[in-house]
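Going by the order they are written in, the chains are A, B and C; count residues from 1 in each one.
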Amino acid sequence: MSTGVTATTQKTVGGIRRKFAPWNDPAAVPLIRYQNVTKRFGDFVAIDNLNLDIYEREFFALLGPSGCGKTTLMRMLAGFEEPTSGQITLAGQDLVGTPPYKRQTNMMFQSYALFPHMSVWDNIAFGLKQDGMSKDAIAARVEEMLKLVKLEKFSKRKPHQMSGGQRQRVALARSLAKRPKVLLLDEPLGALDKKLREETQFELMDIQMELGMTFLIVTHDQEEAMTVADRIAVMNHGKLIQVDQPAVIYEQPNSRYVADFVGDVNIIEARIEATGSGTSTLRAEAAGDMPLTVHQEVASRPGDTVFIAIRPEKVRVDLDPPTEQGANCLPGTVWDIGYLGDLSIYHVELANGSRIKAAKPNLTRMVERPISWDDKVWVSWSADAGVLLTS
Amino acid sequence: MARNARGRWLVVAIPYFWLLALFLAPFLIVFKISLSQDAIAQPPYFPTFDLSEGWDVFREAFGELSFENYGYVLSWDNEFLEAYGSSLWIAGISTLLLLMAGYPIAYAMARAPKSIRPTLLMLVILPFWTSFLIRVYAWIGILSPEGLLNQLLIALGIISPDAPLQILATDWAVYIGIVYSYLPFMILPLYSALEKMDDTLLEAAADLGCTPIAAFWKITWPLSLPGVFAGCLLCFIPAVGEFVIPDLLGGSDTLMIGKVLWTEFSVNRSWTVSSAVAVLLLLVLVVPIVFYQNVQAREVEAR
Amino acid sequence: MRKGLSWFNVSSIVLGFAFLYIPILLLVIYSFNASRLVTVWAGFSVEWYFKLFQNQQLLDAAWVTLRVAFLSASVATVLGTLAAITLTRYGRFHGRMLFSGMIYAPLVMPEVITGLSLLLLFVAVGFDRGFWTITLAHITFTMCFVSVVVQSRLVTFDRSLEEAALDLGCTPFKTFFVITLPIILPAVISGWMLAFTLSLDDLVIASFTTGPGATTLPMRIYSQVRLGVTPEINAACTILIAIVTVVVIFASIMTKRQEVERERAERLAAAEA
């Protein structure tokens, strides 16, 4: 991948990206609208009365475990499934009843679905030929696409004569060739190894910016969704649990489900002692008689059960009690250590037997870490590190 | 695609109506004729239903249907019942022999190195592509009293030239003929069941202290059962109605229902009795056929 | 686990293949026998092959058989492929049970029943029996075999290939011809070959459904075989065997070649990546 080009476009991309937020603009008209969409397969409810707006030029990710309905949601946009009830519109046009071959969406399939009996060139030209484009126009567009995915030299190859990464790019070129209003990507990078996947994620973002297109990606890989997407919809059991920008999803999850699905998290069950003026005080069994503080107000009343979610990287572990004021601080014993190279994850057992995870970057090359198994330690986190969740 | 309702309808309808007209309807006709009586006319049975002569004639004709032919076929005085019994017996024995011959071959093929498996498979299928009739015919020259088998045995001094083995025109020749011509149908389902089997299962069994022979009976055999069922049914059902093999290799006392039906039809020229024989044969085979279809359907769904 | 060939496995394969091939080999060898007595070897001769080509009846029968087989295999391939699509793609529909029953039953149905029932149908509707009735009968029972062969290819067919074509603007009808058919073509061709061979081979159903003037090769061979073994029939059989062997070996070498080619290309691609 030519890193030179990528680096220069990256700057402008960043600039545009930072300002891009049509979902906050009440005047913006969504490109794709799902309105009260329900899809049943027999008794199974795949999509449950769902509403979702996606805007033009957005890179939107559907994230969730397998069977959560994310693929069905995408396939309904492509036309491979019809909603049982509800409406799907694309650029103001009602799509229900329109067959897939008349929709202005194109899809990149998880298996790539490259036609094995056609060359790379013919695969990319396939969609253009269906539109009855002139020969010259087709040739020009195919060349352009081959250039875009850097496969100019491979146009005469058959799919089975190419590596997985190359096939993936042919599939991308083929689905982009018709300049669809929306490009649908169904687990597009699932078959690639980790390194290549990470490279390709950035490439996808560049292409999306360069062509100014709307991308809808389905993935179960949260890192992938966070990397590429402007907004992420976290799904479960056919419902949208949270739809927001990656940082919001990660830092302010709206439920234990989202907090747990996206990234690693400690969840502490607690009772509210007082809440108001931006701060809540809580009691938790895990904390013994130490009160816990979170800089967040909740609608619950004192005595109600809530959950504190804290990311491991926001938890500190020290051999001595921290001196920081206002921090939540609990004593414990190191139960286990997971060494990951860049980080070490400390599993600390608290007084009541529950465990809390703390991630500590390995800042030096020491092989013997200062904190070891069975050491008495202190875990601490600041009052704005945790999030209070009521569900 | 639901939208292309008309194209979709055609795809189903063409083969569907073809089979309704040329597979199902003929059975109904066979059933109807089995209830009719022989006549010296064209067609050689009555009543015939001709709506052009009006409803009354039609209804009258209906009244002339009877189960007489079934009484005839099912009576102990005639050899039909014996023929059904002996067909099932011969087909059963042959299927057992087929399983005993086919299983080791299929097993060895599935264990063979991956590189030669396609060749072995082709070698099993190849005889199937040559004419069935030729393959049965080849055995006449081998099994006849002055045939090659007897020549060989005499040359080896195993039997005396005055008392050649009488195999042709006995039930044994029929067994050999059925086993020989149906062997590929037994081997193929067995092979595909055995080939699918994960080798690590046997390794796991050995690892857990199972001897190879015990591992075969506890792991390989149960897992190959779908193939065993498919193979046995694929051989047993057509073998019951076999005509060519008993006719060419069997003796005059080899009773098989396919041959009896053929004789009844072409020699005795009784269409009504042969229809009754066919209907009863179908009744006998309906259970294994339905069973076979379930095995097939499960096989397709499993994939 | 020791994989590969133990003495038991080797001997089962050797014995099994000996059993399968020795009768055919003997048949071929004795077709070159100079003696009229098939079981006594009297020296090498190709006399019977010459006799064979002067046997006009046999040649006529062969011509009828080939025409029936070609026509019925071609129609059966179309019908069988449609049936296979129906059974693998259309999920549940009214009468599916009956339909799949009618596809699978002929595979095991005793030929005497199929033959008799078709004959009675042709008589009932007043069809003149002969070439066309044999062809119709052969289409009916061979299409089921074609359907099974094509079905087994279709169940492993990646549906997303068709979806991709639809997605790129191709109509379902065109998708079938541009995408599906080319990919399943090998299975369709082997379905055709199977139907052709089955038709070529059939004695019982043809005997029931034939009429004056339409005698097929198996019927001709059968009537001569009943009179006893003759070297002439051996010669006819040998020619049939030779044709089939050459075609099958050629076909398998072609597929093998393609596989090797493909594997090489894949390895090349993997090395480049």
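Throughout what follows, a residue touches a chain if its C-beta (ideal position, glycine included) is under 8 Å from a C-beta of that chain, and two chains touch if they have at least 3 such contacts.
Owing to the predicted nature of the structure, the values given are computational and were not obtained by experimental measurement.
Contact with both chain A and chain B is made by C.
In terms of C-beta pairs in contact, the better-connected of the chain pairs B-C and A-C is B-C. Our note on geometry: chain A versus chain B, Cα centroid distance of 59 Å, whole angstroms. Rounded to whole angstrom, the centroid-to-centroid distance between chain B and chain C, based on C-alpha atoms, equals 17 Å. Annotation: 54 Å between the Cα-based centres of chain A and chain C. For chain B, the set of residues that touch two or more other chains comprises 1.
For chain A, the set of residues that touch two or more other chains comprises 99. Touching of two or more other chains is recorded for residues 166, 172 of chain C. Chain contact summary for the complex, chain A toward chain C: residues 78-80, 99-103, 105-107, 109-111, 113, 115-117, 126-127, 130-131, 157-158, 160-166, 174-175, 178. The residues of chain C lying in touch with chain A in their complex are 158, 160-161, 163-172, 179, 182-183, 262, 265-266, 268-270, 272-273. For chain C in complex with chain B, the residues that touch the partner chain are 1, 3-6, 8-10, 12-13, 16-17, 19-21, 23-24, 26-27, 30, 38-39, 79-80, 82-83, 85-88, 90, 93, 95, 98-113, 116-118, 120-121, 123-124, 136-137, 139-140, 143, 147, 151, 155-156, 166, 172-173, 197, 200-201, 203-204, 208, 218, 221-222, 225-226, 229, 233, 237, 240-241, 244-245, 248, 252, 256.
Residues of chain B that touch chain C in their complex: 1, 4, 7-8, 11-12, 14-16, 18-20, 22-27, 29-30, 33, 43, 101, 104-105, 107-109, 111-113, 118, 120, 122-127, 129-135, 137-142, 144, 146-148, 151, 180, 183, 187, 199, 202-203, 206, 233-234, 237-238, 240-244, 247-248, 258, 261-262, 265, 271, 274-275, 278, 281-282, 285, 288-289, 292-293, 296-297, 300, 303.
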